[in-house]
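In structure tokens below, several structures.
Same chain, two partners: subunit A is paired with subunit B first, then with subunit C.
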Partner chain A sequence: MSDTAVASSRSQKVFLTPRRKRQITSIILAGICAVWVYPLIWMIAASFKPNSELFSNQSMIPIDPTLENYIRAWTEANLQRYFFNTLFVTVGSVVITTLAAALAGYVLGRRAFPGKWVLMGLMVFTLFIPQGYTIIPIFQLLTNLGIGQSLWGLMLATCGHNIVIFMLLFAGYFTQIPKELEEASRMDGVGPVKTFWYVMLPLAKPIVVTVVVMQALMAWNDFLLPLVITLANPAMRTLSVGIYSFKGEHFVDWGGMTASSTIAIVPIVLLFLFLQRYFIDGLAGAVKG
Partner chain B sequence: MSGVTLRNVKKNFGSVEVIRDVDITIEEGEFCVFVGPSGCGKSTLLRMIAGLEETTSGTIEIGGRIVNDLNPSQRGTAMVFQTYALYPHMTVERNMGFGLLMNGVSKSLVKEKVAKAARILQIEKLLDRKPKQLSGGQRQRVAIGRAIVRDPEVFLFDEPLSNLDAELRVATRLEIAKLHSQLRGATMVYVTHDQVEAMTLADKIVVLRDGRVEQVGAPMDLYNNPANVFVAGFIGSPKMNFVDVNHGQLPDGRVLRLDGPNAASVATIGFRSDSLKPADQGNGMISAKVSVVERLGDAEYVHFQTPWEQELVARFPPEAEVGLDATFEFELSGKIHFFDANGRALANVMLASGAVAKPV
Partner chain C sequence: MAVNHEVAASVKLTRTDRLAARIWKSRLDYAFLIPGLLVFGAFIFWPMIASFYYSALNWTGFGENAEFVGLANYRELLQDEFFYAAFRRSFAFMLATVPLQMILGLILAIVLNNKLLRLSTLFRAMIFLPVVSPVAVIAIVMVLMLSPFNGPINGFLLDAHLVDRAVDFLGSPQIALWTLAGIFVWKWTGITLIYWLAALQTVPAELYEAAKLDDVKTRQVIWHIVLPMIAPFAVVIGLISAIAALNVFPLIQATTQGGPFFSTEVMEVYIFRTAFAPASGQFPRLGYASAAGVLFGLSIMVLTIFQAIAVRRTRRKEAEDV
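Entry: the complex of A and B
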């Protein structure tokens, strides 16, 4: 009792008690957050307004809510098609990138072989080349392979964006795993492929999740590469490129654009919410290691 | 079940010779312990038997088959690692059955084998746990269980107790001894740097130093008849006392009279703490000033300084109340070991009667 009495008498004198400090911090942070999400909320709100109301109605809440924008975007503007294109490119590139980066990272992290450091050096070097410079050669390469005009080509090219970083993440993680685990499975007569699949990869779960989330985000939102590759082939467009087409030469369909943007961001937000915990673990783990 | 034979086995890491020309025969069903100081190549030798390290030259035979070119899993061995090496993301049950499952053994048979091993090790209640939820001793049992499940001809242990606390180490040591008699016929090769573990567990001890075999023998053999100074000093606790003999003289210049054909070659004499007996004033061989007394309950180890300032240790009965700085005279009774200038044990030497003049 007397303790609280002392504490409260002190808090009357000192304006900035720890508790009040925390409250002030929270208010400031909440303010910043609000600024951050305002455009997003505005966009989602606007997507339910008819075009006529879009700029006249200053309030966030639609007077006459409608799904019209969504219907127009999904069917007329071919968003349905773009959505599944993007889904294909994203899922495909996530699967391939994760597997390839994990396998390569496993070998780089745990095996010694001649030329390893030269190889690592070359790969790290590619990190310094801006994406813009490689788009034309990549397009050329895909064309020569005969997949320049297919979603497969786009998907494979999308795999390349961050794979070096992912590989290094995996390599760093696998390096820390004690070699006795692999030796134990060797003694057990488990081959290298099964050891990778059943022992090493499950242990690298935090990195797997990190790579899945980052690659999915990147592939889903990628703009420049799909823009270049689908220039001659509108049916192959992804969402990010497709949305851009709402901006005609003389007229911008803001309603359609907000609706399709909302469609575009929902899956990625859901994925993030679903994997959030592991994702943060993975990043923390990667920094630690 | 079968024995293990190493012939002229060598191992180089790059240009460094780690194992130099080792010959060892381990009989079927034997409990063989490799012991030696850190870095002497014990683990390397064990890993060569397991097939985890390649053999540079020489042959390794298990159960009559030369296994040099066989994969670890084909050698009929199972290994228990010092760090346990349990798969962290698998339950105890899956840890133990993993190897069999991956090799196409039916689920029901694996379950049966795991249950049997768990019963032997009394870890039936832990089968659903992950390694993180186990104590060090329990993890150790699971690691042993994983080896048992494979039904190996030869068990390989690499310092399996070194991560346990002292009490648990003693308990687990007993369990491993029990296990050996329970798994009748299983050959076990066990690596440790702890000579007490070696003495208590082994049928046969192999003392290694610098990649070479110093001596092979039954524990009491090594204790009673060490082949050289190194083995004499390594086996037995407390360490054997050594006193230099220079041209028949003790370090203080007194003459030590020895009998026997090899008496002239003696460069060192060795005696264990229980070979020192207090003597009457004026009749002893070594006079001593007590520096440290260790009371172990069943004995007292009295460390003392000789007039030539060497620390030696004598064993006293527990009730002996020896004070610090007390002075004694000791005589030598019981087994004395003699070594030549190269440290090799010499036979056919004994102390002559009245070997030394009274102490200085």
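Entry: the complex of A and C
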């Protein structure tokens, strides 16, 4: 009784109650966030302006909204092709990377076999070497394998970017799962492959989601690898590289560029908004580990 | 003597036998490893080894014209002023972006960590949006936003009379690199924010409540309790951010391509130019570019090892304190 009286009299005296403070913080944050996403919103708005309006109309809202940028990009500029190239590379590399990393992580985390520690040591060692500088041998290897200018080559090479981290993530997770589970399924006469597929992999769902999200983000947004691989083969471009085809020697089609940029950004942003929790937990895992 | 030999031989034999047996027993484990190891071997391990070998070649990349030149590429690199300039720029870029990104991310994380703050998830998502956006798109947006010809940012600066004439943010050699640093910080602060939020989860909620009961100011709680508790994370977050800041190739290639007048040519752009996009009249030099990559990779490795030692130290100290 007296406590609440004291509290209420205090809050009457103090103008800045915790609640007010939070409201003010929210308003400031809203302002910061508005400025933060303004460039992206501006770009999406600009994609509906005709080229003639793009630099003359300072306002964000188009005077004469049109879809012609999208139509031009999708049909004339081969963006359709680039979109499906990107989708193929992303989906393919996500499937291969997740399966390969889960299989290897399972063995590394739970089994004892000759050569295990040599392998682990090698993998951890490569984590200390930046991968950005190995583009030349990767390009040569793909060329020697005969897939240097193909989507398959690009997709396979894309699997490599984070594979070590993914294998170690799986290994770390599988180590914690109790041994009894496998023994029980062996007693029931279930083979090791089935045990992995039906028992272990479903248990590792959080890591699967993390790996899928990180790999999808990386593959969709990758730039250096697709740029180098498609230097001589424009049909194989992904969206990230392909949107620059609107940049001519003397003329830049900014309308087409903003439209195709919007096409490139929307799928990955939607994926993020739907799987926000997984994105955030997955990426935060890098610090906790 | 002879008997001893025989015994030794038989022991050896059983050892190899046993190893062979163990390998045979683990055959299924190896089968499970194959896909992962193929990817690892082809795209991580082999390229690392090959980089060293290529760096000893004089090679244009066309056909079989490679010539072994030993350390000549390295000797030439150490005389190459473009190499040094690119090297310096890479580290200047890192030193400019990492602290800014970490402080900005930390402030936002402390504010957004307040459970009572409504919409904090929405704010976090908005700050995070540039992180998930393709760099290629970010580059186009920023070239447009920063354009000296009627770009919205120059429009705002002119209207507010902050500048007399439009600033060519990406076109003037004095400021282009710093403009790119700003874009980089904008794009990646979201991820630093997530790292700091993860670090803040380790601070028990009871601490805040206890401090509140004792009528301690929030600012003091943050300064004297929260910050010391999450300080060990700073080393890890700094390390991740530093390595990331050396990976600016896509942003720069998509905006300035190293120009104007090489003022934004960081290491990766230098390597790309030497290997894949030489100036007209020159041949691509894959061996030379590989040598540059190896030298720069080694210097990053040294940096990483130093920081890994620092992480160990702080962790150990923490353990002793507890």
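List of remarks:
Criterion: the second predicted complex is superposed on the first by the 267 of 289 C-alpha atoms of A that agree within 3 Å, B and C clash if a C-alpha of one lies under 4 Å from a C-alpha of the other, contacts with A are read in each partner's own complex, and residues count from 1 in each chain.
Everything that follows uses one rule, which is that a contact is a pair of C-beta atoms (placed from the backbone, for glycine too) under 8 Å apart; a residue touches a chain by one contact, two chains touch by 3 or more.
On a predicted model such as this, the values are computed, not experimentally measured, just so you know.
Of the two partners subunit B and subunit C, it is C that touches the larger number of subunit A residues. Contacts of A:202 after superposition on the shared chain: subunit B is touched, whereas subunit C is not.
Of the two partner chains placed by the overlay, only subunit C lies in contact with A:99; subunit B stays clear of it.
After overlaying the two complexes on the shared chain, residue contacts for A:178 are found with subunit B alone; subunit C is out of touch. Looking at the shared chain after the overlay, A:194 reaches subunit B, while subunit C stays out of its contact range.
When the shared chain is aligned, subunit C comes close enough to touch A:272, but subunit B does not. Common to the subunit B and subunit C contact sets on subunit A is no residue at all.
Chain contact summary for the complex, subunit B toward subunit A: residues 50, 52, 71-74, 77-79, 81, 83, 85-89, 98-100, 102-103, 146, 150.
Every residue of subunit C that touches subunit A in the complex is listed here, in rising order: 19, 22-23, 26, 28-30, 32-33, 35-40, 42-48, 50-51, 54, 61, 111-112, 114, 116-119, 121-130, 132-137, 140-142, 144-145, 147, 149-150, 152, 155, 186, 191, 194-195, 197-199, 233, 236-237, 240, 243, 246-247, 249-250, 253-254, 268, 271-272, 275-276, 286, 289-290, 293-294, 296-297, 300-301, 304-305, 308.
Interface residues of subunit A facing subunit B in the complex, by the touch rule stated above, are 178, 180-181, 183-190, 194, 198-199, 202-203, 205. Listing the residues of subunit A that touch subunit C in their complex gives 18, 22, 25-26, 29-30, 33, 36-37, 39-40, 42-43, 46, 55-56, 58, 60, 96-97, 99-101, 103-108, 111, 113-114, 119, 122-123, 126, 128-138, 140-141, 156-157, 159-161, 163-164, 167, 192, 196, 217, 220-221, 223-224, 227-228, 231, 239-241, 243-244, 254, 257-258, 261, 264-265, 268-269, 271-273, 276, 279-280, 283-284, 286-288.
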